[in-house]
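Alright, structures below, take your time with them.
There are two complexes below, and they share subunit A, which is joined by subunit B in the first and by subunit C in the second.
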Partner chain A sequence: MDILSRIPQLLVYGVISGSILSLGGIGVSLTYSILGFSNFAYGDVMALGAYIALGLFTLFVSWSIPNIPLGPLSFGFGFILAAIFAIGLTAVAVVLIDRILFKRLRHYSSVILMMSSIGVALALRNILQFFWGPQPHYYIERIQIATVIPGLGIRIKPDQVFIVLVTIVLVVLVHAFLKYTKMGKAMRATADNNALARVTGINTNRVIVWTWVIGGALAATAGILAGIENKFITPELGWQMLLSIFAAVVLGGIGNPYGAIVGGMVIGIAEEVSTAFIPTGYKPAVAFIIMILMLLVKPTGLLGKRR
Partner chain B sequence: MDTLIGIINYVVFFAITAGTYGVLALGLNIQWGYTGLFNIGIAGFYAVGAYAAALVSGPPPSVWDGRICGGFELPFIVGLLAAAIVCGIIAFLIGIPTLRLRSDYLAIATIGIAETIRLVLKNESWLTNGVWGLQQIPSPFYDPIHGGIREFLSNNPDLPGWIHGLFSKAYNWFYLFLVLAILFVLYLIVERLVHSPWGRVLKAIREDEDAVAMSGKNTFSFKLQALVLGAMIMGIGGGLYAYYARFISPASFKPLYGTFLVWVMLILGGSGNNRGAILGSFVVWGIWAGTDFLTGYFPFSATQAASLRVIIIGVLLEVILLWRPQGLLQRERKPSKTL
Partner chain C sequence: MSLLTVNAVTSGYGDMEILHGVSIEVGAGEIITVIGPNGAGKSTLMKTIFGLLTPTAGQITFAEEEITGLSPNLVVRRGMGYVPQVENIFPSLTVHENLEMGAFILTDDFSGQLEEIYELFPILKDRRKQRVGKMSGGERQMVAMGRALMLDPKLLMLDEPSAALAPNLAAMIFERIVAINASGVAILIVEQNAKESLKLSDRGYVLASGRNRFEDTGENLLANEDVGQLYLGG
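After this line comes the complex of A and B, so read on.
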């Protein structure tokens, strides 16, 4: 099979992995714009969410909560339930980490927060590794046959359609939240000018809690979706995607959630299409090189404001 | 007696590693402690330094090797210089797009370069021999020293056993001396530099970059110099590791752990204080090695024990940041001796 004929298929894969990167990117971008630091623990929060979902699902199975199949999807209702609880629990965990740590470090420069987030990243990953071990855990055990879209010859699985649909729904929800709710407006105001937001009576502490809740929930969702796509999870799951997520965020314009969506898609597609030309192992390097090129051309990113 | 000899040999081994980390911490201190540059790609520079030294000093490719170049069998000092130069070039290239921007960009870019370096080491077998790594890197003066001791001991078999036990690893004493001597020389150089007018500009950039730019200094150029110099020192640290380990492979350079340990060393010791950087590397390496013994007493598997050690270091970092952000040794208050 020659290279060019593979490209349509790789584009589809790119959109799927781009969806996961976009969700992660929105979370990173939101926390960056409100709290002013790049959260290096984000990838490991994704892994945390994925593992909590796995743990809950195992628990539900042992409680014999019925795992009713959901049409062509390879997972059932029980898994969705576990995922929803895991998303909530991850959000709580992230708020707790903020309370214990980031809140007390907030008066230092953003670099100290970044440093601290690396400590959190390693601690989280190793806590997962301590309890679950470094070996991969099967996430979805059922094998799913890809459907071939007639005419185009593109193969796609129902699970992958699910991933893209969940992403679209969440992106619309986040957009509606930021655009139309009072808290969303407060968040945008805080991101724009923290001091001014406080002067106008916005409770920035509540804004920060909401930012963490949304960021944590999006991270957990991205982690769970990555688990569904890969069929297995390891404690390194999030860390392996973090560089691509950061590249997506920088590409779209750091601190801009809409840019993160564009960036996520571009990076996802570029990484997948690159596998037609260079070894698969270099995927993270492709993201990195695109990011460096963007920094050289326009450091504020595709959708970033000019300074 | 045997336990004592065992302890002495362990202490020497411990100090060689801690001294190598001390070199890395000194390099990071120029970047972070004095200039405020957030480099989290230390493991990448460390690995490049080690590979550069190994390729310059190691044997040419054997028939089993996947690599087709390198192996010039040049002396130790040439290898260390090569390590420093290659790391300096990489830092220069990474500094150009990122140092005009917020510190977040440098952080992301350095972690990206470290990851890219890891992928290159693993995949580009023609240069690095892939996952099999580089072997038979010659330790400096290994044959005369080790061979001489060996010959002396075999000529005097009637000497007591403990002398045999003690001296059989005497090469390590020499290497320790070498590492400490290089660490000391680097310390003197860095001390001299940071107390020069050049170093005062770096400290001023750390405190308030805009003010320095206002007074007519090209802050970008100074930051780039600090980044390159720090990376060169890190490269020397990598070279010191390669010559001691004699075998390196991509698995020797865990992507984030190396970086993270060096950061904890510097922050615990006291960033912006060169003595603090060295002190921190010995203390943290002591804690790291100590947890190895400690976790042995609990019924954990090897991977669990390894995870637990990283968790302990992570918690240690957060504790320092929360309660003693200045570290053990504070930075000097006075920007210059004449003030």
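After this line comes the complex of A and C, so read on.
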């Protein structure tokens, strides 16, 4: 099989991993635009969400909550319920981390916040490792057979379609929230100009809580979807994706959630398509080369605005 | 009756004291202009009144209640609106969204107030769906003033509302300020080039190096030779 005939298949894989990068990217971008720092703990919050889902799922199985696969999917009601609770709990955890740590450091420079987020990253990863160990844990042990799309010869699993659909739904929800709700508009206003937001009477503390809730929920979702795609999770799950997510955010224009979606897709597709030409191990390098080129050509990113 | 009283206020940034005991008074329904050269402390005075800076000494009283050191989101609830000199709009939001943010603290319907602002600045109604970041300086100033008026304040503070505007636009902004004042809102303006502003003011203050230098009616300040030579460009 020649290289070019593999490209349509790789594009599909790119959209799937791009979906997960986009979700993570939106979260990183929102945190950056409202709190003003790059959150290095984001990847490990993804892993936290994935592990909370695992823990709850194990618990639900022991309570005999049914998990009969839904249609062609490899998981059922029990897992989805665990995922939804995990997303909520991760959002709460992230707000708590803010109360305990970031809130107290808010009046220092963004470098201090960024460095402390690396501390949070290491702490979270090691807590996960302490409870679950470094070995992989399987969400679903059954093997799903990929469906071949007739005519195109592209293979795709129902779970992968689920990942893309969940991403589309969440992107639409985040967009609607930012565009049409009062709190969403207040978030955009605070990102635009924090001092003016306070002068206007916007409760910026509430805006910050909402930012963490949405960022935490998106991180958990991205982590769980990555677990569904890979079938297993490790404490390193998010950290390994974080650099691709940062590349996506920089590519799209840091601080712009819509740019993160575009950037996530571009990085996801570029990483997958590159495997047709170079060994798979170089995927992260591809993300970085794109990021460096973008920084050289247009540092504000594809959809970025000048600050 | 005095609406705003600033009494011997000392303030600044960190260890750098800019205001060394400034006092001003704004009566209900008055237009007051504070003038002075660059660095006199005019913007610092406004930021201190609005709670963006905390005074190290002195008192600020608004509507018979002390507001010294109160944070901006509480000051705005007492009925004071503030338009900073720069970065006074949310650029990625539309005109309508900027005005809506002005009413953020309200839980009830604000469409009446919105209509009043669109009557005051009809051009904004036509452009209500445009992003403010792409609009001209004059239009931005209108959005900024509209935003601060959404809560129907008792006092509107304007920091150099005509700065960087073409003369005809500046004249239009001043004319709107008079109209706002006619609806019962007291106005406190800070200006560097202040002839226009003093003409329509009931009273004016001259600040220099963080201290009160002169205080008189607008007309008298304009006629005062010392003030003219030193602060109004002769």
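Please note the rule applied: the second predicted complex is superposed on the first by the 304 of 307 C-alpha atoms of A that agree within 3 Å, B and C clash if a C-alpha of one lies under 4 Å from a C-alpha of the other, contacts with A are read in each partner's own complex, and residues count from 1 in each chain.
Quick note on the criterion: contacts are C-beta pairs under 8 Å (C-beta built on N, C-alpha and C of every residue); 3 or more make two chains touch, one makes a residue touch a chain.
If you're wondering where the values come from, they're calculated on a predicted model, not measured in any experiment.
Participant: According to the stated criteria, A:A186 is in contact with first (subunit B), second (subunit C), both, or neither; which is it?
Facilitator: Second partner only, subunit C.
Participant: Is A:F246 in contact with subunit B, with subunit C, with both, or with neither (first, second, both, neither)?
Facilitator: In the superposition, A:F246 touches subunit B alone.
Participant: Touch test for A:L196: subunit B only (first), subunit C only (second), both, or neither?
Facilitator: A:L196 sits against subunit C, while subunit B stays out of touch.
Participant: Touching A:T58, do we find subunit B (first), subunit C (second), both, or neither?
Facilitator: In the superposed model, A:T58 contacts neither subunit B nor subunit C.
Participant: Could you let me know whether more residues of subunit A are touched by subunit B or by subunit C?
Facilitator: Looking at subunit A, the partner in contact with more of its residues is B.
Participant: In the overlay, answer first, second, both or neither for which of subunit B and subunit C A:G281 touches.
Facilitator: The first partner, subunit B, only.
Participant: Per the definitions at the top, what is the overlap between the subunit A residues touching subunit B and those touching subunit C?
Facilitator: Subunit A residues touching both partners: none found.
Participant: So in the complex, the part of subunit A that touches subunit C is made up of which residues?
Facilitator: 182, 185-186, 188-189, 191-193, 195-204, 305
Participant: Could you please specify the touching residues of subunit B with respect to subunit A in the complex?
Facilitator: Result: residues 36, 38, 40, 96-98, 100-101, 103-105, 107-109, 111-113, 115-116, 119-120, 122-123, 256-257, 260, 263, 267, 301, 303-304, 307-308, 310-311, 313-315, 317-318, 321-322, 325 of subunit B touch subunit A.
Participant: In their shared complex, at which residues does subunit A touch subunit B?
Facilitator: These residues of subunit A touch subunit B: 32, 37-38, 40, 101, 104-105, 108, 110-112, 114-116, 118-123, 125-127, 129-130, 133-134, 239, 243, 246-247, 250, 254, 279, 281-282, 284-285, 287-288, 291-292, 295-296, 299.
Participant: For subunit C, which residues are in contact with subunit A within the complex?
Facilitator: So the residues of subunit C in touch with subunit A come to 50, 52, 71-73, 76-77, 82, 84, 87-93, 97-98, 100-102, 104-105, 133, 147, 151.
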